[in-house]
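Chain lettering (A, B, C and D) follows the sequence in which the chains are written, and residue indices restart at 1 in each chain.
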Amino acid sequence: MKRLLDLVVTENNQLNQNYCLIKLTTPDGTLLPEMYPGQFVEIKVENSPSTYLRRPISVNFVDKSKNELWLLIQVVGDGTKKMSEYSVGDTVNIMLPLGNSFTLPTENPKQELLLVGGGVGTAPMLFLGASLKDKGFAPKFLLGARSKNDLLQLDDFLKYGEVFCTTEDGSHGEKGYVTNHSVLKNTQFSSIYTCGPKPMMVAVAKYAHSNNINCEVSLENTMACGFGVCLCCVEKTREGNICVCTEGPVFNIENLTWID
Amino acid sequence: MKRLLDLVVTENNQLNQNYCLIKLTTPDGTLLPEMYPGQFVEIKVENSPSTYLRRPISVNFVDKSKNELWLLIQVVGDGTKKMSEYSVGDTVNIMLPLGNSFTLPTENPKQELLLVGGGVGTAPMLFLGASLKDKGFAPKFLLGARSKNDLLQLDDFLKYGEVFCTTEDGSHGEKGYVTNHSVLKNTQFSSIYTCGPKPMMVAVAKYAHSNNINCEVSLENTMACGFGVCLCCVEKTREGNICVCTEGPVFNIENLTWID
Amino acid sequence: MDRLIVNIGDLHLKNPVMTASGTFGYGKEFTDFIDLSRIGGIFVKGTTIRARQGNDYPRMAETPSGMLNAVGLQNKGVDHFVSDIYPSIKDFDTNVIVNVSGSTVEDYVDCAQKLVDLDKIPAIELNISCPNVKEGGMAFGTSACSAAEVTKAVREVWKKTLIVKLSPNVTDITEIAKAVEGEGADAVSLINTLLGMAVDINKRQPVLSTITGGLSGPCVKPVALRMVWQTYNVVKIPIIGMGGISSWQDAIEFILAGSSAIQIGTHNFIDPTISIKVVEGIAAYLDKHNIKSVKELTGSLQV
Amino acid sequence: MDRLIVNIGDLHLKNPVMTASGTFGYGKEFTDFIDLSRIGGIFVKGTTIRARQGNDYPRMAETPSGMLNAVGLQNKGVDHFVSDIYPSIKDFDTNVIVNVSGSTVEDYVDCAQKLVDLDKIPAIELNISCPNVKEGGMAFGTSACSAAEVTKAVREVWKKTLIVKLSPNVTDITEIAKAVEGEGADAVSLINTLLGMAVDINKRQPVLSTITGGLSGPCVKPVALRMVWQTYNVVKIPIIGMGGISSWQDAIEFILAGSSAIQIGTHNFIDPTISIKVVEGIAAYLDKHNIKSVKELTGSLQV
C-alpha cells in the first residue's frame, strides 16, 4: 500500500559540494512501511518556485533498527537544492513506497553478484547490497565516478561487500569507466544490477547481454506523478510502452530495447 | 535615484502573532540612500511559489546612527510570511526609495499635527513623527487597532510625541474608531496625516475636509512594479488616473475623489 | 451534505468535485490515498476505439507553475475497457465517466456505442480537444462546425448524459460551446490543455518527442476561468470547469465564474488527496457564508 | 560583440534583446538601473491617436507565475508623445520603437503618420492584440482578414520598419502571421497577453475592474514558444519572440524556436536589470558553444 507521510529529518549530511545524505523517520515512532531495494519515493518540495511537481528519489537505505529512511541527493536544480538545505526537525511530505524492486536471487548463496553504480545511481545499490548480504549473499560493488571526491558512502558499502571503484581521472581505483574494470574479467558473475547515467547502464547492459549474464537496470525516466496515473514516464519495451514508475524502475535488460 | 540593493537583516523581532519588525543595513557599511517619510520600498521575496511580483512595504523608520532601515510587516499571505521568517544575516533584494513623501510644514513649530495610523498603516507614521520632531514640531499620534495586542511600537512612538489610542474592543485607550477619539474634539489640528485601511482613511479624510484641516493620506493600491512603468496602481484623482507608486503613495485629500 | 448536491443532465453528483481524465487513471490508483465515495465523480483515462501505444518518450516537461504532457492517449482500447477495467471499477460508489476520443466521427460513435450497455457508466465526455495526437480530436474542437457534427452523431447513439470537452486553443470558445449545445450536449467541460512547447537549450532540441504538448496546472487557471465565464454567459447547459485547480479556493473561483461542477487534473499528481480537501473546503465556505446550496454559487459573480 | 548583431527589416540591433511595450515605460524609468545603450531596443508604451485614461482600478492581479493586467492603454496620445516625450528620449543610444494601437484602421494610420517624421523612431509595432480595451485592436488581431487590412493601410504611410504584434488568443496564429506578411510587414512580434481572469472569492467579484485582463509572465512561456515555433515554420520575415522571458536561458529557448530577436516584458518589474543579464547570458552561451553569430541560432532547433 502506498502512503503519504510527513516524515521528519533526523540528519542531513553534506557529503561533498553536490551530494547530501538525508535521514528521515516518522514523527510519532510508527514504523516506516516495508520498502524493497530499487523502490523510490516522491518528495513534495516546499518553497521552490520552480518545483511544481514532486521529485522522485531512490530508497538509499532503510535502517530498521532506527526506523530511518536514507536518501542520497545530488543537487542538480532547485528541487534537490532545497532538499540539501533541510534541517534536522524539518517535516517532509513523502509518497512511498513506489515502483517495483530488484529481483533477489533465492538460491546458491555462492553465486557472484555485481552491483554497479555510477554517480548518484549508487543510491539504490546500498540498500540492495545490504539486503543481499542479509539473505546470505556476498555482493561485490563496482562504483564509478568522475573523481575520488564523487565516490560516496564507501564506508557504508564496505559493510556489505567488497568494493571496486573506477574514476575518470584515476584519482581512486582504476582509471576509466566501470565497464573496463578488471573485476569484470576476473570474476564470473551470474547477475549484474546497475543504476546510473544512461550511457553507463547501456554499456553495462550490452556487456551483460553479450556475456550471458542476467542483468537488471534501474531507470530514471522523468516522472510527473510517480504512481502510474499520468503515463509520462514510459520506456519502450518488448511489450510496448511501459510505465517506469509502476512496472519499473527496475527492468531486466532482456525486456528493454537497448541491446538490440 | 532609485537603487537596487542587497541589504542584510540585522534584527527580526516578532512583535506579536501577525506582525514583525525587520531591520536591515548595507552589507559593506555604505550609507543607505536618503529616504523620506511616506516613501516605500519593493522587496524581492525568494522561495515563495505564490509570490512572483515584488512586495511594496513602507519605510517604517530610518535609524541614521546605525545605518538601518526598519520595516514593519503584517503577515497576510506567503510573501509577508516569508519576510517574517528572515533570519539575522539573510540578504534581501530591495528597490528603494520609491514614491513621494509627506509634506512637512516649514513654519510655526507650535501648530498641532496629528498622525493617524490604523493597523499596519501605522508603519510610515513612526518615521514621519520622528522627522517632524527633528524639525522642531510636536506631533501627536492617534493609533487605532482591533485590540491592545495589535497596537505596535508604542514605546517608539512615545519618543516622538504624545500617543492616543483607540481599540475596537476597548482593551487599550478609548473604545471605538480613531475618528471618534476625543483628541479630535479637544485639539485644533492644522494638519492630519494618515495611513491605514481604506474605510478608516476615508473617514479621516471626510472629517478633515469638513473641518477645514489640511490632510494627507498614504494609499496602498496594489502594485506590479512600484516605479511607474506598469500603470497598474492608479488612483482616480481630480487630474485623472494617477500612479500611486510615483505620484503617491501620499496624496492631499483635496486631489482625491473620496470627499465628493 | 445535501447542500453539495448538483445535477449535470441526468447525472446526479453528491458534490461538484470530480477528477479529470488522464490524471486519475481508473480511480484504482487512488484508493490507497482517498475514499472514492467522497467525490462526485471520476473521469477515466481517454479511451479510443482501438488500443494506442501513445507517443514516444519524453512525454513530459515541467514549466513555471505547470507541466506539458504529450502522452498521446495511450490506452488499451474500448473493448479492453469493457472487458477488463469496467468490472473492477463498476462498484465504486461514485460516478465513473468515460472520456472518449477519436479521429473520425465514426470512431466516437463506435466507442460510445460500446459503452451504452454499461449500467454503471452514467455519462461520457467527448474529448474533442486533445492537442497531442492527430487523432485526439483537437481538429474537431477547434471548429464549431465539426464540433457540432461529432456531438450530433454521438447524441444519436448515447442517450445518457453527454458532456463535450472543449479545447482552449480557439479564438472564441463560446462559438464551439453554442454549437455543441445546439446539438444536444447536456453539458460542456472546459478546459483541456493549452498547446505549448519547451526547449532544451543544451541539446538544442524540443523537450517533448512530439515537439508540442498540452499545458496544464495552475499556470492555465486564469485562461480557464475566463473561458468558463465567457461560456457561462452564452449557454444554458451546465459547465464543468477545470484548469489549474489546486485548492478549494480555486474551485470556488470556477464555481463563481459559472461552473456547476469542477474537475481536478494535474494537482492529483502532487497531492492525491486534493479532491477530498476541495470537497471539505467548499462545504466550509458554504457554511461560513451561510449559503444553502452550492447551486446558488454557480455564476453568482457580482460584476 | 559583432556576434550579437541582428537585423529586423532595416532595423539594426546591436543585440537581439529588447524590452516589451507597456513594461518599460519610455525607458527613462530604467536609467537608474541600467545603461540603455547596452540593449537592442525599447518598445515604448502603447500609443493611441487620442489620450486615454485607461481602465478603472483595480488593474492588476497576481497569478501563478504571472500576472493579469487591465491597464487599457493609458497614455497621453501621440501628439503628446511627439511634443513632450520624443525630445527627451530621442538621444538614447538604442532603438526606440513606438507601439501603436487603435480602434479603427484610420486610427492606426493617423498615429503612424504622426510618427513618420521622427528621425529617431526607426520602427513601429502595430499592436493589433491588446485584449484590454475594445479599442485595443484585439479584434484586428484575431482575424486574418482585418489584420491584413490594417497592415496594408499602415504600410502605405510607414516606409520604415513595420512590425506587427500578434495576439495569442486565436485558433491558428500562423494564419494571421501569413496575412500580415502578405501585406508587407517587415516582422511579426509575438505574443501579446493571453486573455485571462481572476476572481476574489471573498468579495465574490472579479479582481479586475474589467472582469478579464491580459496574462503575462513565465506562466505563458510554453504557449508563446509554441506559437513562435509554429510561426517560424510558415513565414519568411523575422520573428520577435516574447512571453514570460525571465532569464537568458528563456531567451535562448525563444531564439532556438525561431526568434530573430526577443522582448522582455513583465520580468522588468521584478528585476529592472534583467535585460542586461540576458544580453550577457546570450553572449556567454555563444562563446561556450562556439557559435559565431546569434543569427545561426534562430530556428536551429533539431527536431
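One rule holds for everything that comes next: a contact is a pair of C-beta atoms (placed from the backbone, for glycine too) under 8 Å apart; a residue touches a chain by one contact, two chains touch by 3 or more.
Bear in mind that the values here come from a model prediction, so they are computed numbers and not experimental data.
Engineer: Identify the chains adjacent to both chain A and chain C in the sense defined at the top.
Structural biologist: none
Engineer: Measuring centre to centre, with centres taken as mean CA positions, what chain is farthest from chain B?
Structural biologist: Relative to chain B, the chain with the farthest C-alpha centre is A.
Engineer: So the centre of each chain is just the mean of its C-alpha atoms; given that, what is the distance between chain A and chain D in Å?
Structural biologist: Taking the mean C-alpha position of each chain, the two centres sit 47 Å apart.
Engineer: Need the CA-centroid distance for the pair chain C / chain D, whole Å please.
Structural biologist: 34
Engineer: Just give me the whole-number Å value for how far the CA centre of chain A lies from that of chain B.
Structural biologist: Distance between chain centres, rounded to whole Å: 54 Å.
Engineer: Which residues of chain D are in contact with two or more other chains?
Structural biologist: As it turns out, chain D has residues touching two or more other chains at 63-66, 217-218.
Engineer: Would you give the residues of chain A that are in contact with at least 2 other chains, written as numbers and ranges?
Structural biologist: Chain A, residues with two or more chain partners: 49, 51-52.
Engineer: Work through the pairs of chains, note which ones touch, and then classify the graph as line, ring, star, complete or other.
Structural biologist: Here the contact pattern is a ring, one closed loop where every chain has two partners.
Engineer: Could you list each pair of chains that touch one another?
Structural biologist: After working through each pair, the chains in contact turn out to be A-B, A-C, B-D, C-D.
Engineer: For the complex, give me every residue of chain C touching chain D.
Structural biologist: Its residues touching chain D are 61, 63-66, 68, 142, 169-172, 194-199, 201, 203-206, 211-212, 215, 217-223, 225-226, 229, 244, 249, 252-253, 256-257, 285, 300-303.
Engineer: Which positions of chain A touch chain C when the two form their complex?
Structural biologist: 1-4, 44, 49-54, 95, 221-236, 240-241
Engineer: Enumerate the contact residues on chain B facing chain A in the complex.
Structural biologist: 47-49, 51-52, 82
Engineer: Using the touch rule from the top, collect the residues of chain D that touch chain B in their complex.
Structural biologist: Touch list, chain D to chain B: 22-25, 29-30, 32-33, 45, 53-54, 56-60, 62-67, 69, 71, 74, 217-218, 266, 268-273.
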